[in-house]
Amino acid sequence: ADIRNAQDYAALAPHFMAPSHHAYISGGSGYGLSVAANVAAFEQWAIYPRLLRDVSAGHTRIELAGERHAHPLFLAPVAFHKLAHAGAEIDTARAAQAVETCMIASTQSACSLEDTAAAAGPQRWFQLYLLPRREDTLDLLRRAEAVGYRAIVLTVDAPIQVANRRALAAKFQMPPDVVSVNLRGYDIAPRFAGNGPSDSRFFQGAMRGAPSWDDIRWVMSQTRLPVWVKGVLHPDDAVALRDEGVTGLAVSNHGGRSLDGAPSGLDVLPAIRAAMGPDYPLMYDGGVQSGSDIFKALALGADAVAVGRLQLYALSVAGALGVAHMLKLLREELEICMAMAGCATVADITGKALFKPAR
Amino acid sequence: ADIRNAQDYAALAPHFMAPSHHAYISGGSGYGLSVAANVAAFEQWAIYPRLLRDVSAGHTRIELAGERHAHPLFLAPVAFHKLAHAGAEIDTARAAQAVETCMIASTQSACSLEDTAAAAGPQRWFQLYLLPRREDTLDLLRRAEAVGYRAIVLTVDAPIQVANRRALAAKFQMPPDVVSVNLRGYDIAPRFAGNGPSDSRFFQGAMRGAPSWDDIRWVMSQTRLPVWVKGVLHPDDAVALRDEGVTGLAVSNHGGRSLDGAPSGLDVLPAIRAAMGPDYPLMYDGGVQSGSDIFKALALGADAVAVGRLQLYALSVAGALGVAHMLKLLREELEICMAMAGCATVADITGKALFKPAR
Amino acid sequence: ADIRNAQDYAALAPHFMAPSHHAYISGGSGYGLSVAANVAAFEQWAIYPRLLRDVSAGHTRIELAGERHAHPLFLAPVAFHKLAHAGAEIDTARAAQAVETCMIASTQSACSLEDTAAAAGPQRWFQLYLLPRREDTLDLLRRAEAVGYRAIVLTVDAPIQVANRRALAAKFQMPPDVVSVNLRGYDIAPRFAGNGPSDSRFFQGAMRGAPSWDDIRWVMSQTRLPVWVKGVLHPDDAVALRDEGVTGLAVSNHGGRSLDGAPSGLDVLPAIRAAMGPDYPLMYDGGVQSGSDIFKALALGADAVAVGRLQLYALSVAGALGVAHMLKLLREELEICMAMAGCATVADITGKALFKPAR
Amino acid sequence: ADIRNAQDYAALAPHFMAPSHHAYISGGSGYGLSVAANVAAFEQWAIYPRLLRDVSAGHTRIELAGERHAHPLFLAPVAFHKLAHAGAEIDTARAAQAVETCMIASTQSACSLEDTAAAAGPQRWFQLYLLPRREDTLDLLRRAEAVGYRAIVLTVDAPIQVANRRALAAKFQMPPDVVSVNLRGYDIAPRFAGNGPSDSRFFQGAMRGAPSWDDIRWVMSQTRLPVWVKGVLHPDDAVALRDEGVTGLAVSNHGGRSLDGAPSGLDVLPAIRAAMGPDYPLMYDGGVQSGSDIFKALALGADAVAVGRLQLYALSVAGALGVAHMLKLLREELEICMAMAGCATVADITGKALFKPAR
């Protein structure tokens, strides 16, 4: 089949994965309301073409928190690439390197963070989940530093695991060979269960182990790497995190996999950008399927945009080649939008480039 | 089948009930416009996740009109549980007791209010319909007081019975063993038929027997129990009822079973809350299918939220166990929303927790 | 089959009519856009139930332009009832009389206006189309006066006949026995064809014979009967017609049978009412299918409401009985809405009775 | 089959064309989002009928940039009519002449601009694409002048060719006999490919050859013909082009065939008209399927309206006769709207003629 747009990989993926794996990956928490919201949010916007502008020196390069990237497109941290393809994170990392894309490696992976780092390009970041014991978290952090990850992305938006109903319906089970190798040797048993007489297994259970402001400060005190926080949707949280000294934020509803019914990050992005001022680094993820989606997120306030599921879809279809091709297509789709919209640089992409039909 | 969410009971119920019973229960008056509106009203809203908040002391306890409840979730008064399951109100009451839920027992039931009270927990309320003769109404009230119901919920929104077209299409008939035992011995023949030469069977018929302001005052004068009024949708009615001294109000369109085409209570709730000020007790019911629905109703101004049909669905599937499980699931779903939204208590749930996408 | 709501007649009609007749009647001009708009316009609104109001003296009587009517429900002028049932206008008129409904007899009918008048009740009106020759129009007017029609409704909104695509697709042809008996002996050949070299068959054809302001004045000068004008959609036209001395206006898009793409009358009714002040007589028609539709039109500014197609549907199903039953159902549905909304009289029905959900 | 409305040709076309040709023509770039937006944009509006106005001297004549046209309906420049019918541009031109319609002949055609000019009526315009070499562009321009084209329409909105996914899926290939005869002998090989090490094939490729402000000025300096620019969607571009001295603008998203996701021209037309003042010549195209669409575009600010695909559809169904008939139908549909809306002239069609339902 002809693959013309990055989104074609999403259409092809079901033919390359076990149905239950596909359900697990494509689904969201609960009824998938926030997954659907992510897509609908993009559909509200149109892009103004602009005429006769000279964009012949155009490029997609950006500087983000002091670092240069070939383009504003990132690979979002996604657990267990092995579900999509045996090559797993290592293949993804190779692809990312080939097309100059910064990969954000997830804590949760069946390849070690060291192996992934070795395959990835110089721009590689590490997504950190806080572990029950600080010494374990610290060890993980040190290992990430040791193999040259250049930023830490602390994901704090999923303190509770809400079941993915599509995965359940498809009877998804994590295959035995897909284990979180990075966490081997750490004590990851949940500390709290909330099973006292009048305890809630959420308030007195999972939430006791949830990340706190103190944890954020502690992580920042332990590393010289830039620390991003992932999963912000409310402007007040964004402001508070910035005031705490966090390097940048990922505006995200976790691909609709955390609170089912959370807004799409895209819908709240303008308010967050307005609260943060023009210069604070913001990344966006959720529902990105095309270069025009990337363009829209940039126009609405993001400095960079990450794709989640698409990387697994492309990986399932054609391994490293698929991921590289998908990223190349996305980048070209973005370039087309930029060129047509008369934007020679990413900085030229502003809210004025978008039109919102009344419908 | 796996039951993961309270709403699963709605999906399963058709397999556990006669089709005509299901049509009668799930349908609304007329074409079901208000039933549909109840569901659509919730879909307009998203819930903001909030980060890093300490909710480890979180709980769902509320104080409502001076009484403590383990959570803000009530069982709405629903007639004739026997249509769903032989265990009927007694099973429902047992379930409610097991999970510390206040049941509002309906006047219309095939178990006596005394038997239901015996099975229910300490928090039990009684829903009163005014009978044609005041002495009968008074007798009913005294019986409710005698067996320890702790509040009276006077339902005043259904002076006219409008046919449920789905029930009619399914040829629903009340089974012979489903009779209103509470009303045995009372004179319940309608007083007025509106069959004079130029009479309307509504204006000069049913509406002559409809509840009046005088009736409200009379009921309040006859009991020391708190008196709630159920079925309010207009802010002016709410204000007038409060001024009359009513304890609290149930904002409700009677599950879409009274005036077909009435607004969803959820859509009018904010205006009613605004008219009443922050402290006046308001309950909401209509279309609640999940913990996030409960969260939204609380955020939009309710102090407590009742479920109607879901209890019958759960009862039909698994009797008392089903109802208890359904309530537990709802409560957990609410806790998840609260935890994710950074709300440690029900009082923390305000309109600021919601986001309304432009679509 | 059980007939519970007036609308049931619409559902049954296809079983009682030739498909091509049904297509002709149910269809609108062109693609039926305005037919669909008429229905959608009602769906935007909900009706507020109000509590505890004394409506036991309630009634639907109205006074319209000095005349009393048992209720605000009229039969819109509809051509050729014979397409629906052999009893035709005479059956409809009998039904109208039986349930005290004012019938507006169309100029275009296969029963003579005299026969229809004889069968109709005291409240009967005559809908007039201007004929090519004034002497013929005058003769028609005199005949209508002679048999006691009490008002003239001048329809001016259909100067051009736009094809009904559904009727065409169903190969509808007017049956040979359905002829406009009222016009026998008149010269009704179109005066203008617009077939000069650069002529338009609309501008220089049909529109040359279209009603003018002068015609309106002339009709009013020729009769002492109240003269209504039917087919108004723009507030400026409404104001100009009132200033000309017209008794009342029918806000109508001709059931979506004139300009395809015209707004629904319901959507423009509030602006017209606002322009006319509270007292000027306004009738509404278009898309009315239920008592709640009538209630909504009254709330949005109409003093009376007419049904078009529904009368033919009921006629096709059960002749005079069907029409009488349909009208009785509509009236009862209206009474239910009024009673539930706490409106004892039609005058109590105002815009405050409606709620518009944000969706 | 009965052809009653211009739009019927769209429905019939698939029966008269190879599926892949139909896919190529009917599709848009990418996923066809802007094609769909063009249709949806019209559906938002209704047209107010107006009563009793004398339009018997009505006509559709317009003066546009000093030239008279029998009506405001143009044939948009469309490449390769041969895909639809062997008669190709020559048949279309004959039809246009027969019904006094100005055809805008495309640079891209399998009939020579000379042959097309010979078949077309006195009002014929030429759509110019800039060629890689100015001398070639100039030659083309001179040829157009030589055979009496009366205006130049410079299309500048498609610097990048975005794949039409429907055409790809249907495996469309340009047939070998469909070649751009106008360009024979010119050097049309793209100048830039963007294949340097870090080059983008868009920024450093296609966009290097894209039209510039300088090109606009150069074209205007080379001809005394009026120069229109086609493909404007942003008011700022419109203002800048006017300030440059361009005669008129075609507000257009290229029939959804350039940037997929561009707004519909209709949605942006009012803002462009507002920016340009009442007198500046504006043409609209995109999604026009009926006379009411033409009416709406005129009401929203256009002085004239062009149809694209419809001409190919009609051509495929019945050659020159089809195109002439389609144009006649469109014109009559427009006349009906005008007559019903009380507009005797195109100038009478203003925004006040439209109504926007709240839905």
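Order of writing sets the chain letters: A, B, C and D. Residues in each chain are counted from 1.
In the analysis below, contacts are C-beta pairs under 8 Å (C-beta built on N, C-alpha and C of every residue); 3 or more make two chains touch, one makes a residue touch a chain.
From a predicted model like this one, the values you see are computed outputs, not experimental measurements.
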| said: If more than half of the interface residue numbers appear on both sides, call it same; otherwise different. Which is it for chain A and chain D? | reply: different
| remark: Overlaying chain B on chain C by their Cα positions calls for a rotation, in degrees to the nearest 5, of 90
| task | Averaging only over C-alpha atoms, locate the centres of chain C and chain D and give their separation in whole Å. | result | 42
| remark: When centres are defined as mean Cα positions, the distance from chain A to chain C in whole Å is 60
| message | Can you list every residue of chain A that touches 2 or more other chains, as numbers and ranges? | response | none
| request: Name the shape of the chain contact graph, picking from line, ring, star, complete and other. | output: ring
| Can you list the chain A residues touching chain D in their complex? | 2, 4-5, 46-52, 54-60, 292, 332, 335-341, 344, 355, 357-359
| Footprint of chain D on chain C - complex, ascending | 30-31, 34, 37, 40-41, 44, 156-157, 159-160, 162-163, 165, 168, 200-204, 206-208, 210-213, 215-216, 229, 231-234, 236-237, 241, 253, 258-264, 267-268
